[in-house]
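The structures considered in this document are given below.
Two complexes follow with chain A in common, the first pairing it with chain B and the second with chain C.
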Partner chain A sequence: MKNTLNQVFHAPKFLIGFIIFVGLIGFCFIYPFFTDKGPLTMYGNGNFFPPGTYVNREEVVEDDGYTLNIERNAETKIAASLGDNEIKGILTYFDLAGIDYSGIDTNDKVALVDLWMENYSSDYSFKTTTANKKLFARIQSIVEKAQKDTGVIIAEKNAETGELEQSETITGTSYSNTSDLASVITFVLGTDNFGRDVLTELVSATKASLRIGLLAGCIATTIGLLLGLLAGYVGGVIDNLITFVTNLFTVIPSFIILILISYSVGDSARGVTVVGIIIGCTAWPWTTRSVRSQVISLRNRDHVNLSKLSGHSMMRIILTDILPYIASYVVMALILQISSGVLAEAQLSMIGLGPATTKQATLGLMMQWATQYSAHLNGAWWAYFPVVITIALMTFSMNLMNQGLDQVFNPQLRD
Partner chain B sequence: MKNRKMNKIISVIAVAAMTVSMVAGCGSSSSSSTADTAEEETTEAAETEAADTEEAADTEAAETEAAEETASDDEAATPRNETVYFAGQQWGATNNWNPMSSNANCWAIAQAGNAREMMYESLFMYNCLDGSVTGLLGDTYTWNDDKTVMTVTLKQDAHFSDGSAFNSADVVATWDAHINYGSPTGASYMLYIDSIEAVDDYTVNINAKLNDAGQAENPLMVETYITAIYQMSDEYLQVVSDRNGGDAEAIKEDKMEDAVHSGPYGNYYASEQKVIYMRDDNYWGQSDSMWGSLPVPKYLAHVIYKDNAAGQTALQQGEVDACQQFITDVQKLWLEDGLPISTWLDDAPYGLCLTMPTIWFNTERNGLDQVAVRKAIAMATDFSQIAASAMSGQTYTFDEMPRCVANPTDAERQYIDFDQLTDLQFSGNDVDGANALLDEAGIVDTDGDGIREYNGENLAYQAECPTGWSDWNATLEIIAAAGQNIGIDITTYFPEYASFADDLTTCNFDIGMWTPTGAEIAGLWSRSAAYFKDDYAALEVNWSGNFGHYINEEANEILDSIPYMTSDDDLKAAYTRLSQIYLEEVPSFSAMYRPQAFFAASESVWTNYPAASNDETSNIPPLVLTDGAGIEGLYHLELVE
Partner chain C sequence: MKGYKKYYFNKILWYLLTLVCAVILNFVLPRLMPGDPVASIAANSLAGVTDATQVQKVYAEYAAKFGTDKPMWEQFFIWLGNALHGDLGQSFSQYPREVSDILANAIPWTLALQLPAIIVGWLLGNILGAIAAYMKGVFDKAILPAFMFIGSFPAFGMATILLFIFAIKLQIAPSAGAYGFDLLPSFSPAFIKSVLSHYQLPFWSIVLITIGGQGIGMRSMAIYELNADYVKYSRFLGIKDNKIVGYVFRNAMLPQITGLALSLGTMIGGNMVAEMMFSYPGLGMAMLSAVTGQDYPLLSACTLIITIMVLIANLALEIIYGIIDPRVKAQQQD
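Up next, the complex of A and B:
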């Protein structure tokens, strides 16, 4: 046993797969200790807030702050607030209004803004699209904001008179130290369409998907193994019957059966366990077929015949003379079944037949909602890309482990 | 060992050979047109295999096929600067162009309060911005004193696409056809209209159906008829009847590809990928009595996209000009992507919110027959989350526009006294309040499973809407999450549309989502009726409203009296009382405000679309250039270049 394990862990493919897999699981179990966020709590009041650290603005304003001798000057203000679209807009305006900007380097935002301030007028003498008019108005308001150096006046409403009273002016040299602020929240992977924290959700979903995969894999392998052993060893009518049923299930695409069963059990019943069981119950046929063929090749070996002659029971022969010879194969089949279980869950949830969104996050559900809210068209990569990577890593690592085991146990592949 | 090495070498050579042949195959196809590429490739094939005559013949056949394809492609490829492309109004190949059909999915046909006026036309057009009614085929309409007979005069300039004049015979024939053939239109309006008769060539009388007291059943529905229902040609209806041997079922399902119509655009091309309508340059509306000119674009085209994402991508690439689709974070299209795309308003809610998608409770279900349960679900629902995430900010919040039976327009809200409703409003996300309400009503969890019971049964419900309607799906998820907070087990259920429609219209649901009447001529009454009318609950299959079979006598009495009220004060009192009942009893509740039609316009080819900030077009409702008074938008379009 020790020797076998030694061999297995020296197979590079298995080792890499194992490390990725354990890393993934390890992260999923350690992460919850470092966060108090709930996977299904809706934090963001909006769709797809980008990754980053969020600071409470009210607190920043109320914070006394520090004065640093670093002015947030017009140049950096303008550079920060005017993106490529706005610069393009400024140039379009100059073209349309016939303003000569040949003397200006178009990368020099300050010079462009100066020229803009000199020439901009909101009653356009030229014809242009509504989109352009709206863009010009937006540029003007950005530029005006960036140009003013009076600071931001904080006013509070007087409870008695209802009038605004100036309490403070925040200038361009006022800074807050983030460690002084209590309400600083980091969303490493942003939020999803419901405003939920993607990282926390992803960790919870990975665990759920693994649970589904594990359950499905165990069920499928157990059914497959039992039927395969029975068919292969007993033969005759039982073999014919089992082969017939197995073929029947092989011919009908298992995904279709999966959809039909998932649909008929209804939404309320479809928790993680039920989905796992459903997937397991539809994925066993290929394990049965391959176990059966392995057993057939084993059942006429000398040691099996010897056992038979010694009068050993069928149970004992199967357990001691057949199972050990196919054990490595069964483990490999189990790994593949787990990985296809994870994929099957993702597929099911993508078409809305997975667990309920409000009760459990799963990888497939995250993908489904990201697609429904067009995260892929809005550039909200954080809502779907980490999910894809996680699914890929999970199945990839398991396939690697499977190949590694194959290299160790399959005599044909041994060097 | 040797053998395996050999195998490897051979496989490497084989792969290399395949790669080279693929590269060679692709090398020649540098032309941009697909038709050209196909031809080039076939020609190449013909040259190499010329020796084999049989193969050469095949190639010829292929070439002819390619040529034919090109011909039909030509028809579909209209000049870009004469075509306005649409998205989001048709999702499958056209069934028929028949206004009497019960399964019309045709882009050009939408007979509702804001009828789509591109191919067929109604008598009048409704403008949901200012509530005005403008003549289209009709010129004027007047009621007699007791509102039992409406007299409509017709435009004398109007004629059909075959040149035949439009007159009162056509109006009468249209009504008779709907009634005689039992069309959906006939079935719904025969409750309110008794008959339509010609007075002279250009005047008709619409006789309202009378109740036992000799009053019209509902004059408001007669007014809806003249803004919603298309007028068809008497002669053409005869042709359709003759070719179907007078069989009503066959006539209703006649494809009418050759339809004679009065509107400015006719059926030009239709396939499973695309439909195109071409302008009728002889359109009557260019006379001074109507528009004074033809609509600007020669073609209106609608590509049939697979889903929202495909439509949105096309919009972003400038392939779609007018897009009627829900787009998440629509403002990012111009703020971040810098695309020439704009909406009716530049800031949230971006569109013109006129409708109120509503959560309907089946009041026949255990627990949902209790006001406390219904109200608790409504109170616990986080409406600001629905507005911000499910609707992506494209809505008013209920703080901005408090709840009542009216939609968020002044035209309707003038009939509501909000001071009387202040104490009844629920702002949402009030979990404590909802829990207290349920506890007080004695609806508690006695068996400790976390779910409250009523009559010994767990309060477990399915919240249902069609699959793929993303903003609705997300809304129901947020409501389901609210249920968890107050011990009511709500799971979402998103079936296919047809199956959902069956459930909703036959009261076979727990919690359903559907939009009652939007902004139309009798919108406020129709919507109130949808919330309360007991007649609807009695129907076996019911599309009109009151899907949850809620019965309230007082509300029904008010509803019955409103159509005869003449003073604004009476109307205000009536609608305010209805709103009070609505908020106290919660037979259903609005989840959000939503645009009547989403409308994102791309200025890659066309400009001067309806926009609130554009003085020239600011009184044209942003109904995607096609619906109701929104069709006027087509007369103001200009080319960007």
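Up next, the complex of A and C:
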């Protein structure tokens, strides 16, 4: 046993897979200790806030601040105040005035503004719609305002007279130290469509998905192992029956059976555990098939025959003479079942047949929510890339471990 | 009967039996769902009506129309009789559209997308695996593992990545649908051009994730065969390397065909979800709308069609296998 483990951990493929897998799981268990965010707390009042650190604006204004000899970048100021509509307006102006802007990237706001300031004059000669005329004037005023550093005036309402009284002017050189501010929150991976913190949600979803995968994998492997042993060792009618059913369900795609069963269970009954059980109950055929063929090749070996002659019971023969020989194979099958269970949950959720719950996030549900709110078309990459990459890393690490084990136990595959 | 005839006869018989089981499962399972979708359709057309006898009458009419007032086995035989004439009933969610009409619009897109993509992915994977086993070096240490990692992405994951890079950032590919929204299906050059440009992303996302898995299988098989006795013997006989490699890859190819047959169902299931990401008007979208609309006539028709497609593909692979593997022929002649 010790020798085998030693061998397994010296297989490079297994080791790499194991490290990735343990890293992923380890992160999921350690991360909750370092955050006070709830996985399902809705922080954002809106969809898909990009990753970053969020500072309370009221607090920044109230903060005394420091004056640094660094002027706020005029260009970033311009860029921040120009929206998509204004950028479109600038491009329209260039088109109408016949200004060549092919040399610059249209996403580069600063370069566009530079070109605008060089070329804009309010008495343009071309004809255009009133809306466009207004837009051009607005763009010009934004650009001009941004060039002058007038600062921002803070005013407070006088409680007695109701008049605004100027209390402070914040200039372009005023800074706040983030460690002085109490209300600072960082969303490493932004927020999702519900306004939840994606990283915290992802960690809890990874654990839930892994639980589903583990449950499905254990059920599928147990059923597969039992039926495979029965068919392979007992033979006869039982073998024919099991082989028939197994062949049937290897040809009818298990994904289809999975969809049909999940649908027939209905929304109200489909929790995380039930989905795991359903996946497990549909995934066993190929395990049965391979266990059966392994057992058949073992059945007539000398040591098994010797056991039979010594009058050992069937149970004992299976436990001592057959199981140890297929143990490595069963472990590999389990690993594959877990990884395909995680994947099956994700795919099922994408069609809307995953766990029917909003109380618990799973990787598939996160993906489904992101897709329903068109994150993949809005460019909100933080809502789905982390999920996709987590699934890929899980599958990849488990496949690697599997191949490493395969190389240890099937010496013919070694180079 | 002897030889191939017997082999094919047995195979076809077995597939027919499987088909019967699949049809029964596809019919029964979705109808076990709790809740009554007919009630919701009736409720839609009854909005505002409060008279109880009127409500009951309309509900009974709809129940009779969809046949849900009869026992399940009777429904099954009626459905089967109609299905044999190509009538799969009416859709609940897109009522009064015929299910067969929805499917007839969806199937060509799915077939045209998945069949070429899976074949191309399988071929490229096998070539890469064979090269990795024979040449080793950078193919074995870098390119194959890279594709293995890419292959770990689920099909829908690869779809989102390609969408993000090519449709949203670079804006060189369309992001949704199978052709431009402003076009009607026809054989005009503009339409064909639009179809081709919409085809790229779904096609490549399937091909990319197929390569790795097939490559790794081929590599194992090829290494196994390269160490076989007949290879050593052929070398002793002085047969040219090229010829030996030909033998080796032919032998290594055979299990790959079985492997493809076994993984076909899983692959197609995954690719359906990728189709949905691109709003490709294939069976994936039809299935999604069936699930969200609680539309079991459509759902069971979709799953049945997918099952039949997988069955036909499997049968085709087995027939091909019978032709290229001489051992099958030898076995049948005993």
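Assume the second predicted complex is superposed on the first by the 340 of 415 C-alpha atoms of A that agree within 3 Å, B and C clash if a C-alpha of one lies under 4 Å from a C-alpha of the other, contacts with A are read in each partner's own complex, and residues count from 1 in each chain.
What we mean here is this: a contact is a pair of C-beta atoms (placed from the backbone, for glycine too) under 8 Å apart; a residue touches a chain by one contact, two chains touch by 3 or more.
Model, not experiment: these values are computed from the prediction.
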Partner with the higher number of touched chain A residues, chain C or chain B:
C
With both complexes superposed on chain A, which partner does A:T129 reach: first (chain B), second (chain C), both or neither?
first
Report for A:T357: first if it touches chain B alone, second if chain C alone, otherwise both or neither.
first
After the superposition on A, what does A:K88 contact: first (chain B), second (chain C), both or neither?
first
Based on the superposed arrangement, let me know which partner A:T395 touches: chain B (first), chain C (second), both, or neither?
second
Partner chain in contact with A:G195 - chain B first, chain C second, else both or neither:
first
Report for A:F48: first if it touches chain B alone, second if chain C alone, otherwise both or neither.
first
Go through the superposed model and pick first if A:G271 touches only chain B, second if only chain C, both, or neither.
neither
Should A:Y373 be classified as contacting the first partner (chain B), the second (chain C), both, or neither?
first
Figure out whether A:G65 sits in contact with chain B (first) or chain C (second), or with both, or with neither.
neither
Need the overlap of the two footprints on chain A, from chain B and from chain C, as residue ranges.
266, 268, 352, 371, 376-377, 379
For a test of understanding, state which residues of chain C touch chain A in their complex under the given definition.
14-15, 18, 21-22, 25-26, 29-35, 136, 148-149, 152-154, 156-157, 160-161, 163-164, 168-169, 175-176, 216, 220, 223-224, 227, 262, 264-266, 268-270, 272-273, 276-277, 287-288, 291-292, 296, 299-300, 303, 306-307, 310-311, 314
Quick one: which bits of chain A touch chain B in the complex? Just the residue numbers, please.
40, 42, 44-48, 84-85, 88-89, 129-135, 193-195, 266-268, 352, 356-359, 369, 371-379
Residues of chain A that touch chain C when the two form their complex
247-248, 250-257, 259-261, 263-266, 268-269, 286, 340, 343, 346-347, 350-353, 367, 371, 376-377, 379, 381, 384-385, 388-389, 391-393, 395-396, 399, 403, 406, 412-413, 415
Give every residue of chain B touching chain A within the complex, in rising order.
308-309, 312-313, 316, 327-329, 332, 334-342, 346, 382, 384-385, 388-389, 392-393, 460, 462, 467-468, 470, 473-474, 477-478, 480-481, 484, 489-494, 603, 607-609, 611, 613-614, 640
